[in-house]
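First chain A sits with chain B, and in the next complex the same chain sits with chain C.
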Partner chain A sequence: MTFADIVNLTLNGLISGMLVALPALAVSLVYGLARFPNAATGDVVSTGGYAGLFAYTASGSLLAAGAGAAAIGALVGLASYYLAFRAILRRSVITSLLTSIGVGFVIRALLGVMFGHQPRTFDMPITRAARWHGVMLNPTDGQLVLVTLAVLAIVFTLLYGTSMGRKMRALADDADLARVSGIGVERSMVTMWALTGAVCGIAGMMVGVRTVVSPDAGWDTLLPAFAAAVVGGLGNPLGAVVGAILLGVLQEWSTPLVGFVYKIALAYVVMLVVLLIRPQGLFNRVQGVR
Partner chain B sequence: MLDYALTLAVVTLIYVLLAFALDLQYGFTGMINFGVAGFFGAGAYTSALLTMRAGWPAPFAFAAAMVVCGAIAWPLGKIALRLRDDYLAIVTLGFSEIIRLVLVQEQWLTNGVQGIPGVPRLWPTWTTAHSELFLLGMLCVANVAVVLFLRHLTHSPYGRLIQAIRDDEVAVKALGKNPARFKTQVLVIGGAITGLAGAFFAHYMTYIVPDQFVPLITFYVWMAVIMGGVARLSGSVAGAALLVLFLEGSRFLRGVLPWVSDDAMASVQIGAVGLVLILFMRWRPEGLFGRAREGSR
Partner chain C sequence: MDRRKFVTLTSAALGLAPWARSSWAQQGVFRIGSLNPITGAGSPYGTGMLKAIQIGSAEVNDAGGAGGVKLEVYAEDSQTSPQAAVLGAKKLIGVNQVRAMLGVWSSGESLAVIPLTNDAGMILMNTAGAPALSAPPVNAKLLSFRLQATNDRFGRAFAQIAKREGFKRPALMAFNNASGIGNTEGFRKAWEAQGGQIVASVVYEPNRPTYRSEVQQVLRANPDVIVTGSYLTDTELLLRAWYETGQQVRWIVPGWAAGPDLIKAVGSQVAEGMISVESISDEGAPSYESFVSRFLQQTGMRAQDNVYATMAYDEVILLALGLQAVGPNATSAVLAAKIHELGNPGGTEVYRYADGKKLLAAGKKVTYVGASSRLNFDQYNDVTPDFAASFAQSGQFVRKYVVKL
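Moving on to the complex of A and B:
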C-alpha cells in the first residue's frame, strides 16, 4: 500500500464519516431533549432521499434538492412528534424506544407503498475525479462535504449562538432545573424535532446522491449513526459529529484488513470497546444516573 | 389442508418459544433485547452445521444451539448492563446485525447468502409427514418444558427479584443485590431458549439463509409479546397466535387481491407492525391480557 492509498482511504473515511455525522447529530439532539435513542432517524433519512430526488429532478439543482429534503424532513420530524412522541413524553425510555421503532416502520411502509421498493438514483452528470500524485477526489464528494460543513455550522450556531439553542441545551443538561427557570419545554421540543428532521432530510439527500434512494436506505445509516452517537457520548452533539468522522476513518482504514462486509461490524466493535473503557462516551463528562 | 394446519402449528409454536424468551427478558425483567433475530439465527446455524458437518445427533446439536446462544448473550450483558436500559437496545440491535454479517461473509462455514439446504429432519429415515409430526411433538414437549421452567422461575424468590429489578432497580441495589448479575443471567436463559427455537426452525425449514434472520423478525416477536400481554406466559401464547394469524392473514389477503404487488403487501405488513407498536405502547403497554401495572411505565 502506497502513501497515496492511505490518503485516499482517509479521504474516503472522512467523507463517509461526514455522511453519518448528520444522522448521528440528530440522534444525539433527540437524546438530549427527549431522552431516548430515536430508531426512526434512519427512516426520516430515507424520506429526505425521496424529497431530494424529486426536487432535483424538477429543478436540476442540488441546492434546491437540499432545501426540499430539509423541508420535508422537518415536516416528517414534526409529524412524528405530534402524532406519536408527544403523547408519551414523560413515559419510560422503553416506551419511547419501541414507539420510535414503530414510527420508523410506518414511515418505511408509507415510502414503500408510495414509491415502491425499486432503488432510484440521482441522475448526476458524470464528473472526473481530481487527481494529484495518485490522490483522488470526486468533485461531487467535495460538494457533499461542503454541504455537511454548512449544515453543521448552521446547527451549531443555532445551538450555541441563539437563545433558543441555549434553552435547548439547558433542557438537555438538566430538564427540571431548566423548567423551574421558566424555559418552555413545548417550544424547545417543537424546534428540536423540526431541526433534527431537517438535518436527517439533508443527510438523506446526500446518501441518495452517493448511493441510492430506497425505503430501506435509511436503515443502513441508523446503526452507524447510533454507534457514532454512543462513541461520542449520547446527548453530546459535537461528540456525535466527531465520533462519526472517527468511525468513518477507522472503517476505511480497516477495509484492506477485514473486507467490505465487516465495516458496520467494525463500528460496533469500536463502540463496544468504548463502552467498556469509557461508558459515558469519549467526550462526555461522568454524570449521575438520570 | 392437514399440511397447512401442521405448518401453522409448528410456526406458531416456534414463535411462542421466542415470545417466552423475550417475555422473560422484557416482561419480567424490563430489559430491551433488540437482538432476538441474531440469537435465533445463531441457534439455527449452530444446530444445522453440527448435524450436517460434524454428524452430531439432533438432541446434542439442539443442546449445543442452546449453549452457544446462552454463551454469546453473556458478554453482551457484561458490557451493556452496567449502563442505562437503552444502551442494551442499541448493543443488541447491532449484535444481531453483526451475526447476520458473519453468516453472509464466512462462506467457508455458512455458504454465505446461498444458505444451507438439506438440513436433516429429526428422524431422517421416516417419511416427511411422519418426521414433521414428530418435530411438532418434540416442539410441544419443548414448549411445555419451557413453560414449566419459566413458571417455576417466575414464581420463585428469583422471579420476584427480577420483577423487582424491572420495577425499581435502585431499591434492589439498596437491598444489597447486584441487578447486573441477575440481568445477565436472564439474558443468558432467554438467549438459550431463543437458540432452541432457532434449532427447531432450522430442522423444520430444512433450508436456512441469512435473510431469514433480519431485524424485522425481532420486531415480530416484540409485537407478539406486546400484543399478547407483558409478564404473563399465557399472553405470550396468545400474542404468538395473533402474530401468525396476522402474517397468514396478510398472505391470504394478498391472494384475494391480485392487483396488490408483493412489495406493496410487504410494506403494508411492516406498517401494520409499526402501528401495533405505536398504539399499544400509547394505550395498552401491558398488552391485551397482561397485568396492568401501577406506577410509571
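Moving on to the complex of A and C:
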C-alpha cells in the first residue's frame, strides 16, 4: 500500500461522500423545519434520476439534466407536502415518519409502473482517469464535485443570505417563538419542501450519472444519508454535508484493515460513537431549556 | 325484497362463495405458485419467467390438463429479496393454497423459501446457483429442483475457459451473497486443482455507488483476468471503475450479468473482449424452438435474452408431466421421484407436453428433453447443462465455443 493508494482511497471516499451529501442535506433540512426524519427522501432522489435521464436524453446537456431533475424534484417535494405532510404538520414524529415511509412507497411504485424496473443508464462515454504518480483523478468526478459544491453554495446562500432563509432558520430554532414573531409557517414550509425536493432531484441525477437510474436507486442512499445527518447533527445542514464526507472517507480508509464487506458497518459504528459521546451530533450545540 | 333480507342474503352469498370455490378447486385444479423477481436485481428476467410459466400452463391446459386436473397460476413478486420472497411464499401457500412453487430465481430467495416449501411438503423449482441448495439439510427431502447450473459448475466452466484462453494470473471479485461467492469459490477450487494460483480476491457489498477502491485493490496485484460472481448493475460499476484506471485486464463474467444490457450501459469500447459464460439452452431441441416462437409471439420478448424464462417454462412442463404420470393426489416424494426420472435419459424422448402426456397415458416411460437444457438431474436434482463462452465484439456478445463439464 503506497501513499498514492491512500490518496486514491481518500478521493474515492470523497466521491462516495459527495453522493450522499445532498440527500443528507435534504434529510437535515426537513428535520430542521418539519421535525421528522423523512424516509421518502431516497425516492425523491430516484425521481430526480429519471427526470435527469429524460432531460439529458432530450437535450444532450448535463446542465439541462440538472435543471430538469431539480424542477421535477421540487415538484415532487411540493406534491408530497400538499398531499401528505401538510395534513399531519403538528402530529408526532412517529406519525410523520410512517407517513413518509408511505409516501416513499407510493413514489417508488409509481416510478416502477411508469418506467419499469429495468435499470437505465445515462448514455455517456466512460472517461479514463488522469494519472499522476499513481494518483487517479477522473474528470467526471471533477464535474460531480463542482455540481455538489454549486448546489451547496446555493442552498447555504438561501439559508444564510436571504430573509426567507432567516425565517426558515428561526422556525427551525424555535417554531413557537418564530410564529409569535409573525413568521408565516406555510411559506417557509413550501420553500423548504421545494428546496429539498430540488436538492434530492439533483442528487438523483448525480447518482444516476455515476451508477444507474432505477426506482430503487435512491432507496440505497437513504440509510447512509440518515447516518450522515445524525453524525453531523440532525437539523444542521452544514453538519449533514460534513458528516457525509467524513463517513465516506472513513469508510474507504478502513478498507485496508477491515476489508470491503465491513466498511459499511463502519459508518454506523461511527454514528454510534458520535451518539454516545456527542448525542447532539458533531455540529449542534446543546441548548438549555428553561 | 326488503333491505334486511337483501343484506342477509348478500352476506350469506358472500360467505358461501369462497366455500363453493374451494370445493370446486379441490376437485379439478392444481395450483402453482409463481414466485418471480418482477422487481429488484432480477427484474430483467422476472416478468419473462412469469409469462413463461403462464405459457407453459396454458399449453398443459390446452392439452386437457395433467392427471385430470387443470393448472392454475398464482403469482407473487419476490422483489429479488429473501424477505419479500418469504412473504410471497407464505401468502401463496397459506392463502392461495398452491401445491408447488415455481420460478424462484436467486440463491438468496431460494434458500429463504425452501424451508417453507419443505414444511408444506411441496415441490420447489428454482434457477439459483448456491451450492448449499443441493445437499442435506437444505434439500434433504429432495423436493427442490434446480434448472440452472450450480455456481460450482459455473466456476468449473470459468476455469476451463480461463485455461483455454491462456490466462495465468486470475483475480476474483464476488458480490457478497451465496451465489456471487459460490461462483468465485467454484473457480478457485477448479483452478487450484489445475495447479493454478489466484493473485487477488475481493468480496464486495451490494448497492454501493462505486466500486473503485475494490477494483483498485484487485488491480494492484496485476492480474491478467478478473473472474466475477456478479450481477448486472454491479458489473457495470466494476467495469466503469476498471476502465477509468486504464490498466489492461480481461474479464470473465457470468451470463446473467453480461448480456446486451451491460454493453448498452458501458459502451462497446469498454466491454470489448469481455467473456460472458452462460449455461445454454438446448438450442437444437424442438421444445426450444417452439417455446421461443410462442414466447416472442405472446410477450414480444426474446427468449434468447432470458435463459431463465426458458427454465421456468421447463419447470411447468416437468411438473405437469409428473402430475400426469403419478396423478394429482400422489405424495410430493412420489411426484419428485417421477420428475427426477422424467428429467433423465432412459425413456422415449419427448419435446412437447402433449406428446409426453400421450405416451404416459399409454404407460410408456418418458424423458422430457428440456428447452433450457437436456436437464439430466443429478442425485440432488441439479441439472448439468453445457456452457457457452461468448466474447464481446464491437457491441455484441458473439458465441465462440461450448464447454462441457
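We adopt the following convention: the second predicted complex is superposed on the first by the 285 of 290 C-alpha atoms of A that agree within 3 Å, B and C clash if a C-alpha of one lies under 4 Å from a C-alpha of the other, contacts with A are read in each partner's own complex, and residues count from 1 in each chain.
Just so we're on the same page, a residue touches a chain if its C-beta (ideal position, glycine included) is under 8 Å from a C-beta of that chain, and two chains touch if they have at least 3 such contacts.
A quick note: this is a predicted structure, and the numbers were derived from the prediction, not measured.
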item: Room on chain A for both chain B and chain C (clash or fit); value: clash
item: Partner chain(s) touched by A:L275 [first = chain B, second = chain C, both, neither]; value: first
item: Which superposed partner A:D5 touches (first chain B, second chain C, both, neither); value: second
item: Partner chain(s) touched by A:I264 [first = chain B, second = chain C, both, neither]; value: both
item: Touched partner set for A:P125, first chain B, second chain C, both or neither; value: second
item: Touching partner for A:T211 - first (chain B), second (chain C), both, neither; value: second
item: Touching partner for A:M136 - first (chain B), second (chain C), both, neither; value: second
item: A:E252 touches, of chain B and chain C: first, second, both or neither?; value: second
item: First, second, both or neither for A:G112, with chain B first and chain C second; value: both
item: Touching partner for A:L14 - first (chain B), second (chain C), both, neither; value: neither
item: Residue range of chain B overlapping chain C upon superposition on chain A, of 37-45, 73-81, 145-153 or 199-207; value: 199-207
item: Shared contact residues on chain A - chain B and chain C; value: 112, 116-117, 215, 259, 261, 264
item: Chain A-touching residues of chain B, taken from the complex the two chains share; value: 26, 30, 32, 79-80, 82-87, 89-91, 93-95, 97-98, 101-102, 104-105, 219, 222, 226, 261, 263-264, 266-278, 281-282, 285, 296-297
item: Contact footprint of chain B on chain A as seen in their complex; value: 36-37, 84, 87-88, 90-95, 97-99, 101-106, 108-113, 116-117, 215, 223, 226-227, 230, 259, 261-262, 264-265, 268, 271-272, 275-276, 279, 289-290
item: Chain A residues touching chain C - in the complex, by the definition given at the top; value: 5, 8-9, 12, 15-16, 19-20, 112, 116-119, 121, 125-129, 131, 136, 138, 207, 210-212, 214-216, 220-221, 252, 255, 259-261, 263-264
item: Touching residues (chain side chain C, partner chain A) in the complex; value: 38-40, 43-44, 176, 202-205, 207-210, 212-214, 216-217, 220, 232-233, 236-237, 239-240, 243-246, 261, 264-267, 269-270
